Structure formats: structure tokens, C-alpha cells
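Look for subunit A in each of the two complexes below; its partner is subunit B in the first and subunit C in the second.
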Partner chain A sequence: MTAFAVIAGIILASGLMVVRSENLVHSVLWLAVTLIATAVQFVLLNAPFLAGMQLMLYTGGIITLMLFGVMLTIRDEGVDIPNPSEGHLAGAGAALAFLVPTLYAIWGTPDFGPMVDPITAKDIGSSFLGPQLIAFEALSVLLLAAMIGAIVLVRRKDP
Partner chain B sequence: MTHMVLTVAAILFALGIYGVTTRKNAIGILVSVELMANAVNLNLVAFSQHWGATGQSFALFAIALTVAEVVVGLALVVLLYRTRKNVNIDLASDLRS
Partner chain C sequence: MNPIVHALVIGVPLLTFLMGGAALATWFERRFSGKMQTRWGPTVVGPAGLLQPVADALKMMQKEDIVPRAADRTLFNLAPLFPPFLVIASAAVIPFAATIDADGAVKATGVVADLDIGILWVMALAGLMVFPIWVAGWAANNKYTMLSGMRMVAQGISYEIPMVLCALVPVIFAGSLSLSDIVAYQAVHGWNALSLSPSAIVGAVAALLFFLASLAEANRIPFDIPEAESELIGGVMVEYTGIKFGIFMLAEYLHTIVASALTAVLFFGGPLGPGPAVLGLGWMLGKTLVLFVLIYWIRWSLYRFRSDQLMDLCWRILVPLSLVLVMLSALLVAGGFA
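== the complex of A and B ==
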């Protein structure tokens, strides 16, 4: 429980820094902290395989991509990139309009049922190649489509 | 325990909503969307403790989908920068007459 409290604190504090930081590079790096802390939370929730995937794909792939994107879309040199935000009141209102009913629903639910045995990578594999087979195959097509789409979008005409 | 995890995920999602509505930079918005996707993954894993492997396989699907989304999103941002030399999202309002 103590470990959970510490990790939850890290997740929420770094999440707040992601949306409040004035520097875009800092924002992306705080996102890395959030994602790593979430991977640790996955370990605490008996999902070690997913924690590994989270570290490899999110912190290894997405953060790197994001930093490349930041560097490609600035004219000035250095890492002092402004990340302005406005409309704080409307944003906080939208967030609260989501948060309050959701928390009401969560804490109004008395029990989520008994715990099952810890899930292994083998169970996830059986799920992928069993009930979720069609979605799994569709995902491979989607990844190919995203890859080709990204290449077509940023291709310069007639190099 | 599950209640606590769901609460953390809900607050994280609300932070993502706040970021999406307030940020001006297109990459800032993309980062906030990542925060929301991460909250959903946390929810799915919390529920997989009660209902078996389906939750975790859904979370893996969500991770893969997020990767695809970031690739296309960053391609769009780079394209926006190439045409306007700026990634402020307010400038991309061609469809508004």
C-alpha cells in the first residue's frame, strides 16, 4: 500500500507537470516520468509483461519520437522551447466535469468481484490467438497503414 | 485497491483533458493525449485483476494503437510546420470561413 501511494503520487505529480510546464522539452520528459511510473504501477498490479512492453514501446519509442518531433518543429537552437497554454478556467471546468461523475461512479461501486490468478504472458498470448484473433490481425494492417500514411504525408514532391 | 487505482487513472485522464483544452502547441496537445491513453491502460490493467487476461490484451492493443497514432500525429505536425513555419494550433483554421 505504501508503494502504491508513492507511485500514485509520482504519476499524478509528473502528470500535472506535463500539462503545466512552460517548456515543451520538459513537458515531454515529465511524460517519460509518468510512463515509467505507470510501468512500475503495472508491476504492482501483477502485470510484469505489460510493464516491459510499456517501457519498451512508450519510453523507448514514443518519447524518442516526440523529442524528434519537438526538435524538427523549432527554428531556434537549444532546448528552451515555449509551450504556451491559455483558457485555464475552461480547461479546469472540462476536466472537473469529467472527473466528478467518474469518481462518483467509481466509489459508488461497492465491489469489483474476486481477484483472479496473476496473469502470465502465456495467458495474454492465448487471448491474442484465441478470442481476439481478428482484432490482432486487423492491428497488423493498421500498423502498416499508419506507417505508409506517415511516409506519404511527409514525403516531399519529386525530390 | 482497485478503487484507488481507478481514482488515480481518472485524475490522470482529467489532467489529459485539461492539457488538450489549454495547450497551444500541437505537440503539447499530442503529449496530453498520451497522458489520457496512459490512464486508460491503467484502468484496463486494474480491471484485468478481476476479469482475466482480456484486460491486459486490450491494454497491449491500446499501446500499439497509441504508437500508430503518435506516428501519424507527428507526421501531421511536421507537415503543419513545413507549410506554416509554426506549430501553433490556432493558426491551422483553414476550414473556418
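== the complex of A and C ==
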């Protein structure tokens, strides 16, 4: 429980730093801290496979893509990209609107008690190809659509 | 055994081996390249120049620590800490020895933490490796380091794909992500890349691609575009002085050792070999050494690719080929050939 609280604190603090940083690169790096701390949380929840995937896909993949985005948007000399925080009130409102249903969902969830067996890669694999098959396939179609969309967007107009 | 005691008993020798190996690697690289180019290499400090790494380390520690005025100070100082940490942490799941348990089956031991997600852990850490290097290049605020960092990220995420896909081939054969299970599978069915079974053909091609992709991940020639000294002076390390520069170099040499050890475990049986199981450690170190020498041999024989040729090789050849290998290995397992 103590470990959970410490890691949750790190996640919250670094998440706050993501939006508070004035420098875009610092924001991205704070987001990396958030995601790595989330992976640690998965380890504490006895889901090592999920933790590995979190590190590999989110931290290793998504953040790298964001760094790419940052690099490709640097048009002028100098590397400081302004990243001001604006609209504090609207942001607070949106956060509150998200907080209320989340808290409601958390209180509505029964206590599963401590996890005894770790969730292995085999469990996840057989649930993907078993009960969750339709959701899994729908997700892959979604990703395919996103990929085709990206190709259409970057395609040159004159062939 | 208490896991902390276990980790200390295995981890301290492993750390000593890796750090000592990295120090010796700097000596070896210069000595080896010297022999290849008909010159001497280090000869003065100690017998055959063996104490040269000690002298280098002492020299680096005495150098002035300079931080460029325009640099992002915090990130610039933080970046060198991570590469050696990531490489050493990924070595924690590699089994270095073998024993025979009560029912006669060979079992891999000598591993600091035998995680169920073994290979995933290594790949996840390898994926994280690009950050500190990119951050170092960005924080130094120098156009050469910035360019080098961009190349590093592009190369890192491109070559990660064939590396992960090729690492999946032994995973599919063994039906487990754990490196010790992969060794146990090879104890029964022969080495993944070198045996009489038909799966060894797929395994051998996968081993070759995996090795090439690890060379790219470790930034060795012919894939060392990020530090192409003729264009970029010396890559992201340009603005680093003294021991911080030394730490980056340490991470690179460590990376070559860990990449060799990983290839040996995944495709060449790791601690398996003829003779009693006690020789496992020797086999493992021997195989690692052979692959390690191969990396340096390639480095001093070939020249580097151009940046676009590098991407071409990865996306047009290595990625499709490794996808085919993954499918073939799944078919072999489904057909009962592996």
C-alpha cells in the first residue's frame, strides 16, 4: 500500500509537470516519467507482462514518436518551443467533470482482494484469442484505419 | 534462497564481469584494430598495454567538467546516468550457467532475476535506450549533437522492429518469454540456429538478422550513423568532457557485451554444450566472446552506411524478412517440426 501510494504520487506529480512545463521537450520527458511509473504500478499489481508492454509500447514507442514530432516541428533556430498553459478555469472544469464519474466508478467497484497469481502472457494471449476476440479484432481494424488515414494524409497530391 | 541474497551472489560477479569486460573491451578494440592494420596499438602501460583502460579512466576523471553555457543544465547532467544503467539492468535476465536437476533435465542458472517476461524486459529496456541519448544530444544545444540525436532515434526505433520480431522466433519455438525456458528448449531440441532440425534454418536467418539489428541498436559500424565522426564530429557526446564522456563510452562497450550474450542465449544455446553441465559458464562466456570478437571484426572491416541506405535496409529488407520468419516459425511449431 505504501509503495502504491508513493508511485501514485509520482504519477500525479509528473502528470502535473507535463501540463505545467513551459518547455515542450520537458513536457514529453515528464510524460515518460509518468508512463514508467505506471509500469512500476503494474508490477506492484502482479501483472509483469503488462508492465513490460507498458515500457515497450508506451514509453519506448509513443514517447519516441513524440520526440520525432518535436524534432520535425522545429522550423527555426533554437530549441525552445513555448508551451504555455492557458485556460486554467476551463481545464479545471474539465478535470472535475472527469473526476466525478471516475470516483463514482471507483466506489462502485467491488474489492477483489489481493491478487494471488500473476497474470502471465499466456493468460492474456488466450483471453485475446478467446472471450475478447471480437474486441481484439475491432482494435486491429481501428489501427489499420488509423494507418491508412495517416498514409492518405501524407500522400503527395501530384503523383 | 532469499531473493536479495541470490541477486547479490549472482549480481556482484555479473557486474564485475560486465564492468571489467567493458574496460578490457577498450583495450581489445585498440589492440585488435592495431593488428588488423599492421600497427601496434597500446603497448606502453602495463604488459601488452593491458593497463591502458586504467590509465584512460584516471585521465578522464581528472579532466575539467565543462557544461556549455547554452545547454539545458539539468538534462545535460542527467542524461549520462541512464545508458549504463539500462544495459546492465537488461543483463539481469540472461542465464550464464547450467545445472542438471534431479530428473536429468538441463536447467539454466546463473541468472540474477529469472523473470517470466525475460526477453520482453530486455526489449523494453532496449527501447528506452534511445531517450537518454536523444536527451543528451538535445540538451547540449549543438547542431551536431541534435542531428546525431535525431539519427539515433530514427535508427533506434526502426531497428527495434526487426530485433523484436527475430527475438520472437525462439520465443515461439520455446513457447515462453523466459530466457531460461528458451535455453531448456534448446537443451532438448538442439540450438535454435545450429542443429539438424528443419527449424534451424529459420533460426539461423533469425539469428543473423537479430545480430545485425543489435549492431544497429548498439551503434556499431556499419550502423554507427549517429556518431559518424566524418560528418558529425562524434555524435551526441561532442559536448561532453571527462568522465561523462567516459560513461557514454562505457555504455557502448557494455552494450556490445550484452548484445553478444543475448544472441548466444537466444540462438546458440547459451550455457549448453558438450561436456558436463559445470562447463556451462565456460560455454556461455566462450560463445559470448566469439560473437563479441565478430562485432569488432565487422567494425574494423566495413565502412558505415549512408543514413538513407540504413533506413532502406531496415524497412525494405529486414522488417519484411523478419515478419516472414515469425510466420514460418509459427507454421513450423503448428506443423510439429520444432
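The rule is short, and it goes like this: the second predicted complex is superposed on the first by the 135 of 159 C-alpha atoms of A that agree within 3 Å, B and C clash if a C-alpha of one lies under 4 Å from a C-alpha of the other, contacts with A are read in each partner's own complex, and residues count from 1 in each chain.
The rule is simple: a residue touches a chain if its C-beta (ideal position, glycine included) is under 8 Å from a C-beta of that chain, and two chains touch if they have at least 3 such contacts.
Just so it is clear, the structure is predicted and the values come from calculations on it, not from any experiment.
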| item | value |
| --- | --- |
| Fit-or-clash call for subunit B and subunit C when the two complexes are aligned on subunit A | fit |
| Which of subunit B and subunit C A:A90 touches, first, second, both or neither | first |
| Partner chain(s) touched by A:L16 [first = subunit B, second = subunit C, both, neither] | first |
| Touched partner set for A:L45, first subunit B, second subunit C, both or neither | first |
| Partner chain in contact with A:G61 - subunit B first, subunit C second, else both or neither | both |
| Partner chain in contact with A:M53 - subunit B first, subunit C second, else both or neither | both |
| Between subunit B and subunit C, more extensive residue contact with subunit A | B |
| Partner chain in contact with A:V33 - subunit B first, subunit C second, else both or neither | neither |
| Minimum C-alpha spacing, chains overlaid - subunit B and subunit C, in Å | 14 |
| Residues of subunit A that lie at the interface with subunit B and also at the interface with subunit C | 49, 53, 61, 65, 68 |
| Complex contact set, residues of subunit B against subunit A | 1-8, 10-19, 21-28, 30-32, 34-35, 38, 41-42, 45-54, 56-57, 59-61, 63-72, 74-79, 81-82, 85, 87 |
| Subunit C contact footprint on subunit A (complex, rising order) | 25-26, 29, 32, 48-49, 51-53, 55-56, 59-61, 63-65, 67-68, 71, 79, 118, 120-121 |
| Subunit A-facing residues of subunit C, complex | 75, 115-117, 120-121, 123-128, 130-131, 134-135, 138, 141, 146, 150, 153-154, 156-157, 160, 164, 177 |
| For the subunit A and subunit B complex, residues of the former touching the latter | 1, 4, 8, 11-12, 15-16, 18-19, 24, 27-28, 31, 34-35, 38, 41-42, 45-47, 49-50, 53-54, 57-58, 61-62, 65-66, 68-70, 72-73, 75, 82-88, 90-92, 94-96, 98-99, 102-103, 106-107, 109, 112-116, 119, 123-124, 126-128, 131-132, 135-136, 139, 142-143, 145-147, 149-150, 153-154 |
